[in-house]
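The structure's right below; bear with me while I get my questions together.
Naming follows writing order (A, B, C and D), and every chain is counted from residue 1.
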């Protein structure tokens, strides 16, 4: 793997601020997160729902708009060197980068295609400004790309509602990869699909990534998908990154108690032991517990965990974890 | 194509139902009255001169034929419908013996012009500004527009028309406040006449537009502020699609679909507004005709205008419904 | 952000385009392409004419009655001016002389003027008069068919200047049908109508004129009509008085009263037919050259029409004379006059309009009788007349109106009238009790024990002044304990009064010549022979459906004497006494019309000082003012 | 209920303005009971007086005090609006709940009729009613007619709420426990529909008052009952605008516009309060 990071995230902080009928609320959904993604790798981001995964990638992708606001830190792409985050870069610079270098496969991809436009129009809107060329050239490129993904070019004439869910997701992947971007963010792209289609789509992402040599930030709560697909893995809990390392290493030896819980809760063939379920529920982010945010549910929690935030420290080379227990060698 | 046909048939069925219920309502109302239209007509006609008893008897006979009051209930009812279908409402009492249909035909283009122009302008302007206000929620002048719209939109047409008339007719007399065009101009496609019609239409149209814009503005603003958070818009933004294209093809256009339905639903209400606005400004359309017909006790004319407005409004709604799939391809499948 | 500015700019542009030249427009309420100095603009009080292209006035109720046709194009045998007239109230128009009857009034002979021509160049002759009768008798659905068929046995035209009417019955007033007071039987052009298959369905567009003007153009939407002076105006009956001043006449619909006032303030409407008193006051104050019939208060022209409360005497309660008198004695006429005309009215206690020559003929000579008139309520005898009411009204007005209110008794009598019935709740109570009504608390109950409900029908904003009078009277009745209600009938008042579908209404059934003392113009139609049964349409003009043997006797006697016979006045006085005793209608005041004339472009309008004609725009008689109008400098 | 009111008052600007406007209007209406003049009588004070200490809003050309006349007029107008709104609520709740709950053919038929009433131009129909009923057209009768014409739009809203209720668990529970349709609708669904009923009531009042003013101004109303439209009608009769008696037109218009804007703002803020999105935001759990 070539080492230069394509994305460097440092101390990134973002929060929601809402006010409704006098009840005002601040939710620190991204709390001091640091990590980086290298070229030509698939980086997985895991965590339960509402652990801040989507907010993190929105912040990285520069989609910061009220009630979400950026508090500090940076998320710098190598193809846009001088801007600390996309959000702070000039709109013209961002417009150039988008889709050409950075594309996105969204959660709930059922609804990401404009229901009132034909697929071909969406392709034109998204990719034509980047690819340029004559209409004929463009059409040929799109058709070729669809062929690469083994999609029938006739879908271009369809409206989204005329396609099945899986087909729509494949179209979205084709759309996200048409410009051969350097960096693809994929947010739960397979969640709503049934298992067979899911497998197919994952294979598609894998092959196109290999073919193009792009980097992928792949977000899902499904640890099995991570195991099958990603090169490296980050685990989020309550707005914080708690563990990060090579996927194989993390799976082989999960260090954070929460990661361990996630991995152990995966069903395994031939394993019918009763799995210990985690007590409690994810914290209310509007009023997070002090210290380590996981401590109310952590079997290893001690007094220190209740008071001080654990720092993200390298437990092994390339494998970082934020846990007092690991730091103290208790885990 | 088949699904469109299916959709069109359904809309047509709804149109037929509206016309059926509306016109039956008119029939029931007019036939439930204790007033005998024939005696009323005779009284009206004879009130201007000494008329011989034989002449009255003769007139009664012909009027009874005209109003379809001969024969049994069923025969009367079918005569009524055949008259409606032939657009034949007999002679107008207040303009005897001119047929009601010719009076309506004369007034209808004025109303269609005024109503059509005002409706289209207010719909476009209201949606444009409302869409912008929903998209650029922090913009101050758009916020101010929102406050204005909120203050204007709930006010009834009459009050706005009266206020405009006082301001531009009396206090600051810039614009003509009565009539459809200046006097002694040849009606037709000549420039002085067209300019004159345009001038005379400003105030009536403005009173319809002021209220219309407000309601479309508020509707569009709330639609857009919801749509901008929808996935396909966010996705297009992430993709770096040209913001103007996003605003146009992703936000506005998608918000327009419910606004088109809204237009169909509020056409009747806008027509109500046109009636009163025309009366305030003495505009020679069907609204003025209707109110004057009531003042004059012109039974056939009142019934005729009511029927034609029911037909006209439902036709307008049908037209919008039939064009709706152009805006939203989904309806063909979902309905 | 930039793109949003673009959007906003576009929106602003669109708005600006929607108001083409808004900032440079003036209210353009006058006909285009005609020099203003040659144009007289008059109000057509009928408003917008629905079937604008109809000029056949001989068809029933069709087309406009006052689009200018009545003054600019139509003519008939005689005119009686409601005022003094240019050359006396009586004018021989198409006729060369007054009508000549035979001894038993069964034949009327008319001598016609020669040298008069229709606007298409055809000469007017006796054949046109004969055709006017024959065509309408032959087609029974025409406007004057019934009256002609009832009266005329045959009509002969032995030579071009002589017409002989053979009547079915003696009728000394037959010529009244061809004598213009507002309107009359107009003469139609034989050469046009004889070619028409069904004259009742013929629109007569473009009309052939017998008077000084011809149709120039008209609005198919019915808002305006423009008439142009004939080149050969001298070949019309109006030619006798010299060349008419205005080359063009425009009869327009200027809109509701407030718009009329604005139009005249902008000098865009020379003659307003009628407006509210408030509008008249505003014009008198701010219109530099606007004035009414009187230069100051009370402004309005008193039409020879008696406004009053008309009872439906076929109504269960109103059959009873005591009830009718009780209702009269509940009224304080001063408040009614203030409410209706803000005091600008001429009151009358008797059922003859206090206008024209009538005060001299009836009101003043009968003042002594009226003062002595006595009512016996059964419990007491009262003399209900209060001769000082007009003076009381002027006293009420003087604080706010100042010196324009006359102090001279004669002048007061001239513009405000004499006395009226004094409000007398006690006498009213006694009369009602004698009629079997009982008061329960504050509420009058009918003899059968129900609350006494009485509706008073008004026309609403079609006749604002009368509506106000009605509202005031209803209030006074209510305060006296009757459950009285106002009933706004708008235009249907005409229909409903004919159908007898009312308890009482504000209006008139007494209309007179004004310039002639003869009362048969309205009274003849009050004969019991014409009264319809309840529920059947009542022909013109006995709306109260009141009959009395004495009345029939008076009417029959009048029919047997000559139009100018002084005995007519004596019979008229008998009528006044009878109606005063019976009170089938409560006389209130003359119908004062606030006709406002703008002297900016034209001078020489008829006024109280120069009463040669009536200036109201819908009377056929008002045509005489055209020949007296001169352009202002 | 009181806490809702307090919350709305404290935190929602639109509600605050609307509440203030309606409070003023309601206070005016309440004052009518203290009026020193009989409401139907004319010429009780000197006519045409401009606003002064004695007559705050001046007097009319009919000799009525504009202020006191307004109090009774707005009371009658509001009363009329309320009556129409209440009567039409009965129909729209009935139709909306039934259509939403039953679904299928019943829903289709009801909605077809419903849409007809949305589309029909009601003003000519009302005029037709006036035309044939004439002076038997009393205020109460007009209210009944308008109620039976003006329910459709709100029935559609209620139906959509009812449809979503049908999906909820408690409906199934109620069905299993053997409740009849009528009981389910009245006991289980109605309470959930009430908030939207309340906000549509306000909008419906605006609608009916607007039509009342329009009809009265044209003289198509019982003019024996003083209303806002009736006041403008009489002012027009006396050409108040050109006569310079502007206070006769201005104050009724001002008050009725306050009513319209007030009712509208109340409805809007009420809707925002009911809206699930804002409710969710209020209760916490703003999604990331």
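Rule of thumb we're sticking to: a residue touches a chain if its C-beta (ideal position, glycine included) is under 8 Å from a C-beta of that chain, and two chains touch if they have at least 3 such contacts.
Bear in mind the structure is a predicted one, so any value in this text is a computation, not a measurement.
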| item | value |
| --- | --- |
| Relative to subunit B, chain with the most remote C-alpha centre | A |
| Nearest-to-centre chain - CA centroid comparison | B |
| A-B against B-D, pair bridged by the larger set of C-beta contacts | B-D |
| Centre distance in Å when subunit A and subunit D are each reduced to the mean of their C-alpha atoms | 52 |
| Euclidean distance of C-alpha centroids - subunit B vs subunit D, Å | 23 |
| Inter-chain centre distance, subunit C versus subunit D - centres from mean C-alpha coordinates, in Å | 45 |
| Contacts with two or more other chains, residues of subunit D listed in rising order | 134, 241-242 |
| Sequence positions of subunit B contacting 2 or more other chains | 170, 294 |
| Set of subunit C residues in contact with two or more other chains | 256, 258, 262, 460, 490, 492 |
| Residue ranges of subunit D touching subunit C (in the complex, touch as defined) | 40-43, 61-62, 134-135, 219, 223-224, 233, 236-245 |
| Complex interface listing, subunit A residues touching subunit B | 61, 63, 94-100, 103-104, 106, 108-109, 111-117, 121, 125-126, 129, 159, 161-162 |
| Subunit B residues touching subunit A - in the complex, by the definition given at the top | 230-232, 234-242, 245, 249-250, 253-254, 257, 327-330, 333 |
| Complex interface listing, subunit B residues touching subunit C | 39-40, 42-52, 54-56, 58-59, 92-98, 102-103, 106-107, 110, 121, 124-125, 128-129, 132, 135-136, 139, 141, 169-170, 173-180, 182-185, 187, 192, 195-196, 198-199, 202, 205-206, 209, 243-244, 247, 282, 284, 288-289, 292, 294-297, 301 |
| Residues of subunit B touching subunit D in the complex | 14, 17-18, 21-22, 25-26, 29-30, 32-33, 35, 150-151, 153-159, 162-163, 166, 170, 264-265, 267-269, 271-272, 275-276, 279, 290-291, 294, 299, 302-303, 305-306, 309-310, 313-314, 317 |
